[in-house]
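Quick heads-up: structures coming right below.
One chain, subunit A, appears in both complexes that follow, with subunit B as partner in the first and subunit C in the second.
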Partner chain A sequence: MKLSPFFHVNNRIAKTVTVLLAIPALLLPAACLLYILFKGIPALHWDMLAGTASAVSFGAIGSLWPQVAGSLLLMLGACMIAAPVALGIALFHALCASARQQRMLLSLLHLLQGIPPIVYGLCGLIVLVHMLHWGICLLTGAIILAVIILPMLVLNTVHAIDRIPLERTEAARALGMRDGQIVRRVWLPAAWPSLLTGLLLGMARALSETAPILFTATVFSGINWPDSLFSPVTSLQTHIFYLAQEGANAQAVNIAWASAVILVALVTTFSISASALRKIRVGG
Partner chain B sequence: MLNLWMRASVFITLVVVILMLGFLVSQSWPYWWQYGIGMLFAGEWYPYERLFGMAPAIIGSFWAAVVALIIAIPTGIAAAVMSTELMSGPWRGLLRGGMELLAGIPSVVYGLLGLWVLLPFLQSSLNLLTGHNLLAAGLLLSVMVLPTIMVMAQDALHEVHINQREAALSLGIDWNTRLWRVLLPQAWPGIRSGILLALGRALGETMAVMLVVGSMDRIPDPWYNLLAPAQTLTSRIGREIGEATFGSIHFAALMACGLLLAVATIAISLLAQEKRGQFTFFPGEAGSRKK
Partner chain C sequence: MNTKRKTSDMLVATAQPATTTDGVSLQVSGLKLSLGGKNILRDISFSLREHGINILIGPSGAGKSTLLRCLNQLHADWQGEMLIMNHHARQWPGGTDALRHQMGLIAQKPAVFPCSIEKNVTFGLSSRERKHPPAGLIERVLRQAVLWDEVKDRLHESAAILSIGQQQRLCIARALALSPSMLLLDEPTASLDPRSKQLIEASLSQLAETMPLLCVTHDIEQAQRLGGQIIFMCDGRIIEIASADTFFTRPERLEAREFLRWSTCDCS
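On to the complex of A and B.
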């Protein structure tokens, strides 16, 4: 084949165009992270987290501890509700479902994953806040977040179980183990790192969702530590949202940046430990 | 016991899904009943005068998503091509890590960045009265959906069978042709799913959009004017849900916005599922292409 004289030129142009188009993807992650740190670190003081400043003084030297606690509580609640259900569905998928049921289940989960979180928030608002008269509270937020992270947890668990070598399950069956024993003695020991990875990613997701809890679980200030499940909480996410709009008050915006640093740090802690766990292989 | 637990979880989930859709429909019913489906095309939304036209928010959501995809698709695919075809291992890991970082930043933090970095920049560079507009929302969304497109495209390119690459190389096809005639067509189903996922994400994103879009219920005038404050479905829900009384027609209208969003995103994910992973060149070897 005779090469055209533009052969190499064409390739070079194509490669250059690709690289040029990809530049934003290369620069944006670092730029975003550095800018958040650049704005947030100077605004971050130790007494924001450790200090005993009351939650009422959100303006100047407020403590961010109530917000961090609220976010973490919502996240923990969501995981505690979603994890058992997710495991149950994944086991149903692996043990009971016919091929057609499996397909329908996965398809349903993908659909649920596509529905915007704010729609879940709306449904929670109707049912939990208004119809059951729970009001704006921690439990409402936790349930809504649980529904939001559920599809992701189930899909992750299904994949984790799928990755267990079939031989092991077959060997266990040949030994006469029942379903419950297989789950406890074979699957959980083999799959726990992946399950934990999924849970950590779910936690990161629950921490970063803002819209659905904005009008169902959180208030702006006045709560240091919720008295009960039916008490509203403050959260980092919504705190950033409210303070970001205080354009006239530079100090408020600074605190918003500081909260953003804490939130990003929490979320990345969870996702980094998730990817560290992903590398663990149990057994041979 | 195990059986009970499994069946209970599936049952609870199904009940929640059905209840959710049921309540969305039933709560928005007064709106559809009183105003009719024609309100989708009506341009006035003034809750105090009981005018609830959906068109401004629908057009706003549409434009924000389109701007986001126009920017994110070429960038995302180029980044994926670069990482699978041009980069070596460590760099590829770095790029992937960067994308995961970008995907992990919460949307409200993007909103903060948009409000205090992007808006002043747009305002001064385009000489606008206010930076709040659909272009800002689109730009911000493009950053947020970039990881989705890039990661899906990267996985799709990665899964193109090695035989195909070797065949292309042995034919002496140059890099450019190989990319356009072999790699991209074969990775297209995966890339397409990524684009549809990104579209759903862009339509449903609330916090970031809400902070930068301006929340003015006006139809862009002229229709391609992206530089005026506007409204999207999500930002309208977020802004007004706190003010609407439960059971009022305003509340029903906001539920109708939610229902529209849910229907649109369900349609998009059905479309994305329709052909996922059906493209196999060698049916016999389909299994070996799996990771």
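On to the complex of A and C.
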């Protein structure tokens, strides 16, 4: 069949319109990123990561190492709490829950995913900081971040288990394997790349959340390395927030840009590792 | 709680080796199962002798797969009586998981695990036996499944690269590695190439000399080739049980005649 010339013209117009519409969607984040790099890279100095934090000027000058460490500690804490809980909930979903409980669990998780993180921060402030007297500390922040990334981790694990062919699970069961053995020897070997991908995305998410840890886990400065779980920390995210408010202080704003570059680099590392893993999974 | 139940089960099972019927490996009487409020199996009664081929034949939707799944306890909520090697299935020493070792189930669609051929064969064994498989076990079961010659040089390669027909034979070897007392096969050759079909049928005929096989098929020609006892099922009921000679030449029931003629029948 020969297509009418109008089809080609229409087709070309449609293509152009789509591209034109897509450009701002791509351009905006790209421009943001470029601007951060443009402002931040000149502000970066080696001694920001190597030197020690200075108490002068509210920590606005000196090393950013405590902030990087604080961010990573919060992230690791959140993942160490959330990952086993997520696996447990997903296994309950797959092995014990009735069809109705499964539906209820999934809708609850979707609901939780939609709650603004600041609300979790507020709950953490009331329950953990005030009622339990933990104060503003690393543990409080890690738990709140864990709760925030939990729905995503659970849904990811549930879907990873769902993708395992039912025949394979039934074959294992027909061989007399118990639930625990099936999880260990059939499900985890098949699902671990997906689980790791989800965990890396959860890490990226925990690194970028700012509001909920602002008043539950972090202080502006004065902490090099927390001496316990109940010690407050500093973090890159909140550091940017504090410094950006010092709009008049050119030095402070400069360091905010430098912090932004480091944060973007960290988040991108986790996201890119996640998508690389996903490619391996699709390939293999 | 679980262990308590199992010990008591063992006591009961050893205390009353139910009705002693010699030469019978499996006796099912009055088996019923409903799924989702629908009666899928109604009043199923039959027995398997200690060796020989038994063909479960019937139109699709008759409940043949469901019956095999009941025997392997993948459907656990059946009612009725099931005696396996003269023990009540519900009171099997060691529980359901141990019973499943005895009832080797081979599914219609082969499901191999994403590991080596050798590891697939030993997949159902205990962790100690997996590390040090009994001498000659792998070769013996692969030979029984007529797969040895094709894979003996590449036991460490992934099982996923085998053809579907080879995978199906690997599944048979995997079930045999648990030294089952019978094999339940659900349309083992459906959608396989003729060569694999031939090899699997040869393997089944050989295995049937040592243990009872219950093989589902809706392929009348295959049933004729394999022979043995024919159990004809339709709409969740057993309609006729007869030897292959009788069933294919002088079927008693109208439904059986209809099925032999049209490969389908109306029993509801």
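The rule is simple: the second predicted complex is superposed on the first by the 248 of 284 C-alpha atoms of A that agree within 3 Å, B and C clash if a C-alpha of one lies under 4 Å from a C-alpha of the other, contacts with A are read in each partner's own complex, and residues count from 1 in each chain.
Heads up, the rule we're going with is that contacts are C-beta pairs under 8 Å (C-beta built on N, C-alpha and C of every residue); 3 or more make two chains touch, one makes a residue touch a chain.
Predicted, not measured: the structure shown is a model, and the values here were computed from it.
Chemist: Should subunit B and subunit C be called a clash or a fit once both complexes are overlaid on subunit A?
Modeler: They fit: once the shared chain is superposed, the two partners occupy separate space.
Chemist: Is A:Ala260 touching anything from subunit B or subunit C once the two structures are fitted on A? First, second, both or neither.
Modeler: first
Chemist: Looking at A:His159 after the superposition, I want to know if it touches subunit B, subunit C, both of them or none. Which is it: first, second, both, neither?
Modeler: After superposition on chain A, A:His159 lies in contact with neither partner.
Chemist: In this superposed model, does subunit C or subunit B come into contact with more residues of subunit A?
Modeler: Result: the larger residue contact count on subunit A belongs to B.
Chemist: In the overlaid three-chain picture, which partner chain does A:Ile89 touch, first (subunit B) or second (subunit C), both, or neither?
Modeler: Touch status of A:Ile89: first partner only.
Chemist: Is A:Arg173 touching the first partner subunit B, the second partner subunit C, both, or neither of them?
Modeler: It touches subunit C, and subunit B stays clear.
Chemist: Between subunit B (first) and subunit C (second), which, if any, makes contact with A:Tyr120: first, second, both or neither?
Modeler: First partner only, subunit B.
Chemist: After superposition on the shared chain, which partner residues are touched by A:Leu214: those of subunit B (first), subunit C (second), both, or neither?
Modeler: first
Chemist: In the superposed arrangement, does A:Tyr35 touch subunit B (first), subunit C (second), both or neither?
Modeler: First partner only.
Chemist: Subunit B and subunit C, closest CA-CA distance after overlay, in Å?
Modeler: 12
Chemist: For a test of understanding, state which residues of subunit C touch subunit A in their complex under the given definition.
Modeler: 72, 74, 97-101, 105, 107, 109, 111, 113-114, 123-124, 171, 174-175, 178
Chemist: Would you tell me which residues of subunit A are touching subunit C in their complex?
Modeler: 165, 167-168, 170-178, 185-186, 189-190
Chemist: Under the touch definition given earlier, write down the residues of subunit B that touch subunit A in their complex.
Modeler: Touching subunit A: residues 1-3, 5-10, 12-13, 16-17, 19-20, 23-24, 27, 74-76, 78-79, 81-82, 86, 95, 97-102, 104-109, 111-113, 115-117, 143, 146, 150, 172, 174-176, 179, 197, 200, 203-207, 210-211, 234, 237-238, 241-242, 246, 254-255, 258, 261-262, 265-266, 268-270, 272-273 of subunit B.
Chemist: Please give the residue numbers of subunit A that touch subunit B in the complex, ascending.
Modeler: Residue list for subunit A touching subunit B: 1, 7, 10-11, 13-15, 17-22, 24-26, 28-30, 32-33, 35-36, 39, 84-89, 91-92, 95-96, 105, 107-108, 110-120, 122-123, 125-127, 130, 147, 150, 179-180, 183, 204, 207-211, 214-215, 237-238, 240-241, 244-245, 253, 256-257, 260, 263-264, 267-268, 271, 275.
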